[in-house]
């Protein structure tokens, strides 16, 4: 990490970047209220920091050995980021700002009619962003894999429905990207690219989606510790894209016998992560619990824990959904959740 | 399980109980709005249910193979319990009723002066029950084990301080029982007997504390699934004591690398458990997170999830505490937590 | 699943396949000693099995709802596979047959000289297949990612060294494929394509590597249960490629405090998996333990548990390795391991 | 820890012990080939080590902050223990020496006839120690809890059968102690006291059994890390009883879906623990896998990993056993296991 003097010139900054590239590393230039800081991206062990320390405009040059640094709060404090959290703008929606953000929609897009009807419902309920899965990751190759599995044409058609529904009801849209070859196509149609829990460790996919310069929602893998989760978010930041929305969606349960929930929603991870990074973090109570009847309570709990918003699976008739019907709620129920969460938020923020 | 006819007489009930005892089993007689139900306690495989079905006053006799049944909601619905949850009365405090309950105090009792000062602080902050550890379970035999480790005399002295502090500030008191030989002594001085997470599986200890006919607070073991947790609560109920307060205090973390919290607070367990049993459930954000700076958020989150109250470690000067200083909050901070929780509670209850 | 009559003709089989494709599903045709069985690949819920049951040559048509079936032992017994386990042939090496197979080599390829020297060493030690990482999955973007990270040219050069070393010392070679865009390139140079633990859930990558018609070594994810592991192997089989070599490499540790091993090597998974599938299973004691001093014992233990071979990281000078030096052994130590394992194998096989 | 000079006199040693007791701590005096070392037992923070350093005969005085030290290899090396591992003698059986030790018998004692028949069978099969459960820890209060649950008389009768069977077939006997009130009774009848996995954390029970001066077999809790396991063994050593036999019996499984084994047998813990402590360690493949058909392989694997012996549930007719029938093997199968293990042991030892 190279800390520039407050008075360093653009030329001096450019020179440091040039020197970094000579080592085969990338440079992350962050300009803030106090100064410019240049993060080295890649294996720093081969770098001579004493060489950098004497370059014009450099205040300090040091090796940082933590697995994530570009997204760390310490880094943002060093150069003086304008606010404590990064606010990510998608259309007219701000994620990580004062207002909560609700992402809702069906687990899987099934038809244009289904999607439009749900989009209308969630909009009325107060949701901000429309979700809909087209390439579904599934534990069994013999389960329905989403319309994206039926070939490029059907995938593109489903994507166009999503885009159209978003425009019609004035909501940005998000869908999951499961493989590298889907990135270009999906990026044409959606506003936010989602990396699901199962793909969190897929560093090549992370680099590829990062390159589209669109916001990315990264879900925590169910077997990942918090440090690991942030280390893989760093893979996205390393490509120069810091519009990263983190999402806690439950980790592996521990213990014998029936568990009553699908995963363990790790809500303490929410404030713990907020102490570590300036990136916003959401929660997904639908996948975490796998139970419609727990969504209300766990939504309120996630907001009380400090989450910047929620991702909730919604369907007008959960019983007929092709995937995950047991954990979806209706738009009417969503409205109750959103209203309660808004009030919990105001209460918790005003108290702190 | 023997379901009696609505019009069954006391004599008929007594006869069924007598027949159950012939098999070497115990009988749990529950009288409700609808009828009387008699649960068999022990190994039912040797019982002839057809024999019971024809006894006078018996409506139905059937084997139930779930590991917990006396504490299950299904059981309470069968005989018609007066309310959805059992309200446990300790002095003038009701646990599991409409009002939240806050248990606070130091991890370990260190001196009379320390305890009185903390008791005064938490009372002012709005807490209802005073906690203080005298027999401390520790991972290392070379750590401070609480004043109880210094022999019966010192243990009794510390217990008398606890009792005195409770009386002075009008709060029931609770302390942890770690071994069978401590039960009689502790039961003389405290209002609620606590079984810590490490002892949850200790069925002989559970039976022994149950026999004192005082309310018992049972913490979930950090390696126990929900079904297991309830199955060990059933060991207490099987002794005829149903004044059981459950407490979620964090389970083993999953994942590599630094974890940032001591355990994983499983808040979805709170509403999930409430669907299974009529017993009240609290949460302990102090032990779960091991971090003072996360207690506020996780307290609010636990209440939003539906918990009936909290157990929070409190000390006027956490830095000088002999055990767990890093997770204690001050009485002033406790007041903020309690106030926020009360408002979250009202909000969540009014919305549902 | 469609079970054909023993006397079914090729025409009848082809007709069934044609009908399956009408549903948008793929057909897996397995011919054995007893009969031909046709597995449906994909979402069977939309299929009318009563329609298939009456087609000429069909004995039975039924829905199978397990997440893996094409790789299951039940399936292979149904059509009568010639042996209990599938023997996978790579050059002159048989995997899953009577002889144990040892895969060895450095964690990361660092230079041609390093690779040749290690290849010579492991060949003398008795290893059969040469491994060498070129695209390394790492928890930190700031760690050395393998020579593959330096661009296509360097990746190709490193791959050519691997291929050359394999030819020179007459060993098939294997390397890890981390992303979809690497598959075509890597498949030109190596004999076996490896999917690392972190990518086990990456179903698009699995489908892509499967399509190269080369044997695939699939490592179990450290957060995956056995059923899940097999369900993702099924993704490969579903593409028509059943040359799948499974590999147990350790799962997430459970419990507080220091753990002394990196992961938990789940050796009971070895015989448990052998009861479920006909695919061969290896073990990787290097990654599982992360400790050179445990490799000998855990290698012998894995073979005693029934593993068909081992993958062991080897380096002539572990101390100077760029990645994972603490878990590599020398070629001399490898020889001791292989010798001991061969004798354990003979002993265990002869006893059973 | 106080390291005495080689020439220190008994009087000087006694003086140091006296000084230690003034602090309310206990002293563990270990005499070896090189010198005498005195371990402080309890909370060392209140001790002035500079005071000890100047006492006559003292070479060095220092605080040791690890949770286990009395059982650590470093400690035994310091004073010069005669061999690398402590050999625990029970009757004519040595545990932890050159010869493997096999403990076998039924999960639960059901009748005298059953026990004698099994004892005869396992003796012929080559087992050394007879096990039989009388106080059974169970997940459900409604399951069979062992004959010990029927009152003191029946418990004593069952214990006398165990003792008689041991004498008749010349094998020491072992049974599980579940609660403090059972210790005195059980210690009258058996040679080794077993603490089951569920009670590993029960420090009061550990102290109580330690006081009987009989060897103790301590099973690892299924949620305990290795460091924790050893820290609780230290509770026994702290009472002056170092005849501790450790036993790995499987930890909590990780991962979704069916798991195929009951727990995860952590065999790498065997050699890892052997690097840390001089205490012998066994493995229990029966409880770990919960599957009779995996016992042979996992037994051989445990011995290959370095275990000093095994504990295996055995019954002449597993199908009629009241508890755990699905994981028991017959005496004939036990003979095959023991024979194979003996050969694996010779092979692995001769190679190292």
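Letters are used for the chains, namely A, B, C and D, taken in the order the chains are written, and counting of residues starts over at 1 for each.
The rule is short, and it goes like this: contacts are C-beta pairs under 8 Å (C-beta built on N, C-alpha and C of every residue); 3 or more make two chains touch, one makes a residue touch a chain.
Because the structure is a prediction, the values reported are computed rather than measured.
Path length between subunit B and subunit D in the chain contact graph, taken as the least number of steps between touching chains: 1.
Set against the C-alpha centre of subunit D, every other chain centre is closer than that of A. One simple way to say how far apart two chains are is to compare their mean CA positions; for subunit B and subunit C this gives 49 Å. Averaged Cα coordinates give subunit A a centre that lies 32 Å from the centre of subunit C. Each chain gets a centre from the mean of its Cα atoms; for subunit A and subunit B, those two points are 38 Å apart.
The residues of subunit A that reach two or more other chains are 67, 139, 222-224, 228, 231, 252, 254-257, listed in rising order.
Those residues of subunit D that touch subunit A in the complex are listed here as 139, 222-223, 252, 254-257.
On the side of subunit D, the complex with subunit B involves touching residues 24, 40-45, 67-69, 137-145, 150, 178-182, 198-199, 201-205, 208, 221-224, 228, 231-232, 234-235, 238, 252, 254.
In the complex of the two chains, the subunit C residues touching subunit D come out as 67, 222-228, 231, 251-261, 264-273, 275-276, 285, 288-289, 291, 293-294, 296-298, 300-306, 336, 339-340, 343-344, 347-348, 351-352.
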